[in-house]
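Both complexes below contain chain A, partnered by chain B and then by chain C.
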Partner chain A sequence: MSDEANKGLLSPLRRKLLMGMAAVPAITMLPKASFAQAPATSAVNTTGLAVTDTEVTVGILHSATGTMAISETGSIEAEKLAIEQINAMGGVLGRKIKFIQEDGASDWPTFAEKAKKLLVNDKVAAIMGCWTSASRKAVLPVMEQYNGMLYYPTFYEGLEQSKNVIYTGQEATQQILAGLNWIAKEKGAKSFFFIGSDYIWPRTSNKIARKHVENVLKGKVVGEEYYALGSTQFNSVINKIKLTKPDVIFTDVVGGSNVAFYKQLKAAGIDLSKQALLTISVTEDEIDGIGGENIAGAYACMKYFQSLDNPNNKTFVPAFKKMWGEKTVIGDVTQAAYLGPWLWKLTVEKAGSFDIDKIAAASPGVEFKGAPEGYVRIHENHHLWSKTRVGRAKLDGQFELIYETADLVEPDPFPKGYQ
Partner chain B sequence: MVINSRFFNRSELMGFIVLAAVLFVILPLTLDVFRLNLVAKYLTYAFVALGLVLCWGYGGILSLGQGVFFGLGGYCMAMFLKLEASSVENTKIQSTPGIPDFMDWNQITSLPLFWQPFHSLTFTILAIILVPGIFALIIGTAMFKRRVGGTYFAIITQAVAAILTILIVGQQGYTGGINGMTDLRTLKGWDIRPDHAKVILYFVEVVLLFACIGIAQFIRLTKLGRILVAMREQEDRVRFSGYSVANFKIFAFCMAAVFAAIGGAMFALNVGFMSPSFVGIVPSIEMVIYTAVGGRMSIFGAIWGAILVNFAKTSLSESFPQLWLFGLGGLFIAVVLAFPNGLSGLWADYIQPHIDRLFTSRKSKAGWKDNSVADGAPAE
Partner chain C sequence: MFGDYSLGDLGSIFVMQGFAGLILFSVYVLMALGLAIIFGQMGVINMAHGEFMILGAYVTWMTSSFFQSHLPSLFSGYFFLAMILAFIASGALGMLVEWVLIRHLYKRPLDTLLATWGLSLMLQQAYRSVFGAREVGVELPQWMLGSLHVSDSIEVPINGVFVMCLTVLITVGVAYVMYKSRWGRQVRAVVQNRIMAGAVGINTEKVDRYTFGLGCGIAGVAGSAFTMIGSTGPTSGQLYIVDTFLVVVFGGAASLLGTIASAFSISQTQSTFEFFMSGSMAKVLTLLAVVGILMLRPQGLFALKVRK
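Up next is the complex of A and B:
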């Protein structure tokens, strides 16, 4: 026994260990040296959020399982990419971003429960999340009650504005009006046929579109039909389209129904290179399922296309593909989700604090010049100023940019005259 | 028949004491308000499980549509809360102030007639019990009087669940559609959202749960409960003995519906939310799974099943956001394959004998064993 003890004492390793130990105090100096500019935690976090001297925790809350997973995965990937890039640049106020991912499971009450868990238990400084309007509606009261900050990426119906939410997607008027104006001018369109999935977003969007067509464009809506979510039988509406012969088919059909809709449209002999179709619900992600050959020629009204030709997008697309694989496609919402962490970082730095109230107050006016869609700025109403773009679907599943507004379009979640 | 003069036999008494201790003392003392509120949410499913024990475990009527009644109860409560949250000053920005926000989006300009009575809390409480109760009565009468039972009844309840979901989603102007009714705030001016309110609601719910346990236990112990079991085992013999089997089945089904509705109403209060995702086929089957995991023959087993399965759901999904559904699925398969009588069967087989031995060695034999066999889970 004493032998072994002696061996230990005489072992050359021991000396190395000692030297190692001597270096320990230096370790504590390292982060201090590299984060010398980081302000004290007590100064930037007065409300007890999960902020330490070296880390700040945010939440990612999307559906990783269930029917919405196919849509929301892109958002999760974009948010993780943005967080990684921000960390590589030194983080936020000298703190690395750590994220806690929760699964909303495509179930709206689960979203509310998990949002509450992130705010109450984990004290996250911000949540990047939600996708459907239903999940946002479920989470909103939680965000307001526990004073959290949500960065919501999806284009949506508007009629909402909250101190506790930054809407990085477009609200309805930003998405619809410019597109309708363009198609009315370009195609001389006078008659429109609306087809949508039956829930709040398509209904509100079509309400706004109808007012615009009737009051501003002086056109006519010759039909308005809704189908239950997940519906796959569109034959009757396709027959009506053939009978009424509208100048433009305007659609906001969502999710898997799209696959059936475009295939049946093609099978019925409606050629999208002759019949104008404007959709506000099909992005590159959906075309993956629909198949480029079934939708080629259709117009989509979005704010971002993967094919956009600008320097920001040229670095964003390869970075995204490097992290998540060559085959991934990037749709409008994915890009909007990517803005979330960046806008939050810029706002925190502008406010000089992680406090929710200060971030909410500092948000208006924050600009992000590195956005893949181009320059964006947060409006007083917590939505983004952004451009509206029209693209034409190509066989390879990408969009070709046809038109973009000259200036940023002002977000107007409560549009006068469209209610 | 010593046992029938007592309300609980010894193992049930133990179950009662353990559950009461856990729900009234241990959980409120150890959990923070957020977790306690989650337990309150799990307990709303315990009401459904309790109903299923009566209807499925004892009566042998498998209903795969309990979500319908959970939903009806929940929607009645939510309609009252939503009306209160949609006061004129809260909804100033709408084109028609004073009506719920989803009606405004759907271009409805005045409150529909069937919404009007939900301004009254008394009416709402009555509706929570009566609407699902009468609905169950109608379905039950239509089915059982024609001697539709077993698998066919299960299929029909599923169809009802599907129909109601489609109805709620389709009539979004009147029901809130797929979004459901969100942002419920106050009950008669009392804010249901802050922490202290959550604690009070939790205790109200636990008291209600124990009241329902009392009713269920009472039904079990009366002649009615005996007939239910007899009906499950040999329906024809009961019928030949002169009993109206259909009426007993209807009664059990209605009781299960009312329990589920109380659970639904408590859900709307505790979670501040009601949506069609609790009404459809999948949640209805989940409710049957809680009961199966806990043990459909045992009142306390089923309640533990509801609590534990939901707890597993929360904690698995927190730890493994991508994979948790597989884990949960595996858990169900394992439980059903390995312990067909659920957790309570496990308890009765492995733990109860030890406890019995402990008591019988102290007290001289007092006939416990005979009674526990007579009252315990029948072999199936």
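Up next is the complex of A and C:
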């Protein structure tokens, strides 16, 4: 009855057992000497971070309570999995990763306060955390003032770049443009109806999408609507959609509203196998609440789907399910959160140091070949080069991959001509 | 905006928009009925109303999973049983809460605001611990999905019709209980003058407990019905609380008729505005109109004349 993820959270014993099991093969493969060869702490940590000869401490900062817990739980799970796997492989520069988890409680000032606590009191070497743009904006000045390193997993609106943040999700142009190009070409779509929740991410994303539709695709936006966060009544806008008969409904509705929107769309007789709908806000996580039967046939545009068929993903998905339960699903952001600890490890090893300044400088060019989404690389602007993919939702709540860009898409947080 | 469309198109859109307004109306009445009893009749500012609704939604979800795994042949009818169970579960929790918490606060109605707000936080966290932080998807029987095909361009959502029927049924039931039954007379007597009601032999404590239980039970049924149109998660109750209070306060706290009239005017205003402008703008204008009217009529649309 209670979901598996929660049991996992409640059972440290089970986690320890799993950790032990995961570690056994890796440790036997590892040359015994590797720990002894770990470089001296004084050499790799010149700024007083929480690094000892055997351990390094990082922070995990997400909402485990409050309204955002629904979304952020997956990120916490992914980061813990990554840390365990890294430890099983011998850690970072011969040091085991220890993590301190703080709860942002879906409250932005709390995020800032906890970030400060992690940096000033705990002296963590990096923070994996934040989810909403609001929480990131609250934490950003703290990261810059106390010189920390944040690995931020969510796809977001762009228009930001910081020495102290690595953005492991896609920024808006990276996520949207390829999807719009695809649907314009594949479906011959000319008219678009935008509907989103009323806050910065949907508004910025739709602005970019509108410019692209009007200037590049030479199409028409026949409607652009915003509903307050948490809205549960969409019948009026659905009538407008029926009246304007757009080729494509383009949505970035989030949270509980999503569930109401798709249920009412279906109830109003709009058949998603005939009416093209492209969403940038629904991952496997959201479908859990929406119900596969309500959204089957819709297209989602992002960089990762649980069903991706590549060797990395084939080991990642079972490992995740083994740790957090068979029923858990893995959405785009969960995968991006999983990249955080790995990218940090690779960057530390490239820099040969835990120092924040050296990590920030060494980040561009760091590549992670084991990413479940496939190869990724950090760009000069601290975002990731990644592919954009379009998936079609199936009845069972999974996506079927329909299209992916041939090459990695360059991140462009300050897109010219789109602002 | 209408230049490009044929008359037929426009006609059917107006019909459908009319239905959209009616559905919104039913949703508002359904979510406000429970609160109209608790806040309207008893004067308890129940901030945990949304959480009682979500309890009903979770009960529905559990019933649906149970039927799916154990009685798949009866799945198409599970919803009716789920609503009854939701009523019982939310009602029972309501009576427990009344006994533990609310009965000590009848003399301090403003304090019920804080107490029930705390209760709502506790319930949210309890749901999160028991059911998990993620939303659950309530699977509906096939006949409740989709729409009735009236003409080529007019389609009426079945779940909307279902909510409408349910609302009518419950409203009639509540009106009967409150205004025709012996127990309803007792409730109204206690509301008007607690001491006097006690003096003529009414067990006011018992009346209070059952009234609160009834209000919460109806909230549970509303929550159960809303699994058809909304989400079910630990904090989903928060989505309804503001609109619910809006409807009850605007209607005039102690009047059932007021609640219905206010739900009707708010839903029609909002759905008309929503059609001609964007969703958030419609909300702003609706709220402005409500604030304006409440400034002129602080007691709400309908108010009982009571000697204080």
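Heads up, the rule we're going with is that the second predicted complex is superposed on the first by the 385 of 419 C-alpha atoms of A that agree within 3 Å, B and C clash if a C-alpha of one lies under 4 Å from a C-alpha of the other, contacts with A are read in each partner's own complex, and residues count from 1 in each chain.
Just so it is clear, a contact is a pair of C-beta atoms (placed from the backbone, for glycine too) under 8 Å apart; a residue touches a chain by one contact, two chains touch by 3 or more.
Just so we're clear, the structure is a prediction, and the values are computed from it rather than from any experiment.
When both complexes are superposed on chain A, chain B and chain C end up sitting side by side without clashing. Judged by the touch definition given at the top, the superposed model places A:204 against chain B, while chain C stays out of reach.
Number of chain A residues touched is higher for C, counting chain B against chain C. Legend: residue contacts after superposition of the two complexes on their common chain; A:89 is shown touching neither chain B nor chain C. Contacts of A:228 after superposition: both chain B and chain C are touched.
In the superposition on chain A, contact is made by A:159 with chain B only, not with chain C. Within the superposed three-chain model, A:121 lies in touch with chain B and out of touch with chain C [touch as defined at top]. Contacts of A:108 after superposition on the shared chain: chain B is touched, whereas chain C is not.
When the shared chain is aligned, chain B comes close enough to touch A:138, but chain C does not.
In the superposition on chain A, contact of A:65 is made with both chain B and chain C.
In the composite built from the two structures, the nearest CA pair linking chain B and chain C is 5 Å apart. Comparing which residues of chain A touch chain B with which touch chain C, the overlap comprises 64-65, 198, 228. Per the touch definition, chain B reaches chain A in the complex via residues 32-34, 37-38, 41, 93, 95, 102, 105-107, 166, 169-170, 172, 177-180, 182-183, 185, 193, 271-273, 275, 277-278, 314, 317-318, 321-322, 324-325.
Of all residues in chain A, those touching chain B in their complex are 64-65, 101-103, 105, 107-110, 112-114, 116-117, 120-121, 133-134, 137-138, 140-141, 145, 157, 159, 198-200, 203-204, 207, 228-229, 414, 419.
Contacts from chain A toward chain C in the complex involve residues 1-3, 5-6, 64-67, 69-70, 73, 198, 224-228, 230-233, 235-240, 242-243, 255-260, 263-264, 266-269, 285-293. Considering their complex, residues 5, 9, 13, 16-17, 19-20, 23-24, 27, 62, 65, 125, 128-139, 145-147, 149, 153, 155, 157-160, 226, 228-236, 238-240, 271, 274-275, 278-280, 282-283 of chain C touch chain A.
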